[in-house]
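Chain IDs A, B, C and D follow the sequence of writing; residue 1 opens each chain.
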Amino acid sequence: MARLSSNWLRVIEWLDVGEAFSREVKRIYFMEKTDFQSIAVLEVLPHGKVLIIDGKTQSALVDEWIYHEALVHPAMISHPEPRKVLILGGGEGATLREVLKHKTVKKVTMVDIDEKMIEIARKYLYEWHQGAFDDNRVNVVIEDGRRFLGESHSKYDVIIVDLTDPLKDSSSMHLYTKEFYELIYNALKDDGIFVTQSTQIALSVDVYAVIHSTISSIFPISRLYHTFVPSFLLDWSFNIGSKKYDPIALSGEEIDSRIRERIAGDLKFYDSETHKHMFSMPKHVRRALNSTKKISTDSEPIYLPI
Amino acid sequence: MARLSSNWLRVIEWLDVGEAFSREVKRIYFMEKTDFQSIAVLEVLPHGKVLIIDGKTQSALVDEWIYHEALVHPAMISHPEPRKVLILGGGEGATLREVLKHKTVKKVTMVDIDEKMIEIARKYLYEWHQGAFDDNRVNVVIEDGRRFLGESHSKYDVIIVDLTDPLKDSSSMHLYTKEFYELIYNALKDDGIFVTQSTQIALSVDVYAVIHSTISSIFPISRLYHTFVPSFLLDWSFNIGSKKYDPIALSGEEIDSRIRERIAGDLKFYDSETHKHMFSMPKHVRRALNSTKKISTDSEPIYLPI
Amino acid sequence: MARLSSNWLRVIEWLDVGEAFSREVKRIYFMEKTDFQSIAVLEVLPHGKVLIIDGKTQSALVDEWIYHEALVHPAMISHPEPRKVLILGGGEGATLREVLKHKTVKKVTMVDIDEKMIEIARKYLYEWHQGAFDDNRVNVVIEDGRRFLGESHSKYDVIIVDLTDPLKDSSSMHLYTKEFYELIYNALKDDGIFVTQSTQIALSVDVYAVIHSTISSIFPISRLYHTFVPSFLLDWSFNIGSKKYDPIALSGEEIDSRIRERIAGDLKFYDSETHKHMFSMPKHVRRALNSTKKISTDSEPIYLPI
Amino acid sequence: MARLSSNWLRVIEWLDVGEAFSREVKRIYFMEKTDFQSIAVLEVLPHGKVLIIDGKTQSALVDEWIYHEALVHPAMISHPEPRKVLILGGGEGATLREVLKHKTVKKVTMVDIDEKMIEIARKYLYEWHQGAFDDNRVNVVIEDGRRFLGESHSKYDVIIVDLTDPLKDSSSMHLYTKEFYELIYNALKDDGIFVTQSTQIALSVDVYAVIHSTISSIFPISRLYHTFVPSFLLDWSFNIGSKKYDPIALSGEEIDSRIRERIAGDLKFYDSETHKHMFSMPKHVRRALNSTKKISTDSEPIYLPI
């Protein structure tokens, strides 16, 4: 009976047409629809605590540090002195946590559309934010990220975009377009740098390449990088758009010395060798990047089929 | 996104070796381990609210009345004047609800081992018990049903056994044995009648036939009957053991007139034609019953493989 | 490894919105698309050999005799001397096998649209037809059943309709309509009787009731009956439309004596008590039948959502 | 119906405790048990043709070139002139195909225990081997790989081990031990180099690290490397054991010039940047490698739990 009872509830997540994975649910911490999304915090086998939004695993405690360190540190380390940072999305607070590790940072503005998401993170995801919301350098703004950019006149050193995937007909679909990246460009200082998660690197879908191409159309420096995230079962990509600093121009020594000088505490994932790993792309991925000229626009936005 | 988010959480339930069904979970009302079992109250597609114990669907709002009317009324109607009734198990309160519909009833004792189950029923399963726990004819006793029978000296007109299946190594495995049915026999008046759920009628498994054969070894009258329960996806069996009254000796007219005289309110499932349906067994089931001589005992109890 | 390898291929079958079952595949006998349908013969756990058409289990060796005896014998036995029989569909040959058991039968015409289906049955489903196709009373016609009826001028004692479900947009959708039943009516002798499978009895869907109501609009006698088919996990219905003979007017003695006199060999499922079981409907099903007035027509055919 | 019928057969594959993926089966090319393993060639969504052994996807047409180029070329390119090559396993013929692309190669011996596997590859996996079995430099030996090594006195430039995972109680479990690697060592020339697939890099399991540590105990140079294989949904590792040549000592220019000079035809995956990507390990993986001292031996072999 124990055997059976341990296997009767499962999460199913579609990865591609015809392809899904499933995991055993051990515990439900929270599950509810907000005005913007359906949010669940569960414990699953084999990954432990996970955050699932609209049926898609956003991060798992067991490896959220891979995703969040990969998202935050390459852009932050590439900048010689990031003082003012803007985060769009990132409701769990883990992106914020990683940004705050940089001693150079004086002020972080975090904009999330869903106040309820922040509440849920505060209540159920302490392991993610580790109190970051209460750091006095932080200002949390509840607003639509795109509208915030449109109305704000601040200029940032670093902007980090940590949003859900551009699924068809989802609200995120217009946060991966040329017009959106122009707003980002304008909100950056003259030597500013930005990074966005840019979806999985799949053989069948070129969304990551279109995001790369779109960012390349706005920023002089556009760099795709990637790493495997075990709980996603996917090779995940990120894309830096930069006005001045090029992440691949940094030497390994420079990366490691910046980490040593600047970061309070230990990183589990990122260092110079990880940087080299992430910024080296297999030949077929480079070929796909080179052959993709398509640009995502508000009128014809790129989206994921599933 | 809505489409996807509506299909990411599923219950899986094994029906037989290699065979399972799964249903979409829309909402979690409650999910917790008590000292005795793991209890969940969920909303699923297509059946709405369901009670799941140890990973097995116990009843669904959409058709719990089929199961509970089928369990309760044939024995109650077969008795000319059931006044004192004992229910073992039946934590949802729906068996109790059906018993209380009989105006003849003066006193119902309900014995459940799991106090927490009753609390959960009171809080989350109002549609099942409909306030039955608060009827002043009712006495709820929190105790092991078998121990209660062993220590009690009361005699009942009707005893209704509404327990989980005799799964291998489960606590219910010893509540379908000859020794248990002797305790039941002794707790009945000289014209007393008892009924128990007796598991699915499967082609591959003869547990229902062994339960029938075991009851036949104690009671002069032993009648298996059955009906399809949609949310179980199975043909479900029940078995009456009776000292005097034979359910198949009742005419259709007698059944319907007893219902009219005795029952407050309307039944949705049970009447004389339903009775005829349930007590007529397909030929192959009769053959299986006739060829099964095995008796379940405390030392060699019958059990379900899954 | 053996353990794993035994569980890596599964059939999934949708029963209702949000609800599916799955079974382990042990062996593939055959799997191909014909011009009309996708046909697979597999061995699955726990049911052994099964025929699956368009992803729906049509029959399983372990209990095909329940379905086919239930489909064939009530109509055949209700007729005092069925000599000339028409079968529409029934490609496995098991309906034919049951019809041929009646010594009264002189001639059976079987019409199936899919020649390939008959070939597959001959090659892979011997346990179903048991050589019935080679009986010299049998004439197999490869044609669309509805067109056959429209063009034929023969008159039959019994017509048996054994077709796939009226799924949305499927070719079977127009084989459960008033216009189709008029063709059947016209192809029957003055005392002819017909029967069709009439889909599952579900709480959520009233297709069986609409089929009943549609047949009632054409035939003076219309009787729904049902039985649980384990490999379908469903309570399955059938509907007789009759010009003269009423299956519920037959006494149990009459049924059993007709079986004894007329049937060569043994039946495993059907006899008078099984007949009583099948023609007695639970109260809520009768209520649904009585409240359904809708009629399926060629212009507005009834169909199953899944 | 088309929609439904296209989704009724699925492969399920367990990745970890509680975690599985499933894919839609479109076509069965072949499925049978040989004396050694259960082999299936299927077409699945979204990956097309796949080879599945004992319920585990071995390779998919869509990305087998990632796996096979990653397995073969780093060791082959690290060697200045690989002439004589031994392949253990690799029944699909794709490892052989990649080896034969090197113009330096004079002779390849391929040892596979399962003659039937080679036949199946010849018949159903032409896209994998592309006729490689018929190259006159190739000698296929049907024998147990370990016994072959024990009995052979030949010396090779390169040995490539392309076997199924060391699952618990599987025959492959003893092909990842110290004693096996000693046999490999002895079958290599003084400047020989060998490579083996070394299972997924998971957070929960350290099998890859134990394989690395075991190879390090025999070879002066031991290098783990890795890449994401989309159809595996995993980050896959390989390990080189080398007597003299160190793959990470090669410059990018050297790698690309050796490819240009030596390889007939185009590579889709491997070049100097891919090499850099594969041989750079994220920090947490290096930490796991450094902290794992365990060695797999014949008496206590390491194995995967699932």
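Rule of thumb we're sticking to: a contact is a pair of C-beta atoms (placed from the backbone, for glycine too) under 8 Å apart; a residue touches a chain by one contact, two chains touch by 3 or more.
From a predicted model like this one, the values you see are computed outputs, not experimental measurements.
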Steps needed, at minimum, to go from subunit B to subunit D via contacts: 2
Same or different contact residues where subunit B meets its copy subunit A, judged by the half mark: same
Gap in Å, rounded to a whole number, between the CA centres of subunit B and subunit A: 52
Centroid distance [mean C-alpha coordinates] between subunit C and subunit B, Å: 33
Multi-partner residues of subunit B (each touching 2 or more other chains): 7, 22
Contacting residues of subunit D [partner subunit C, same complex]: 1, 4-14, 22, 25, 27-28, 31, 38, 40, 52, 54-56, 167-170, 306
Residue ranges of subunit C in contact with subunit B within the complex: 7, 15-24, 44-47, 62-63, 66, 201-204, 227-228, 230, 233-235, 267-271, 273-274, 276-277, 280-284, 286
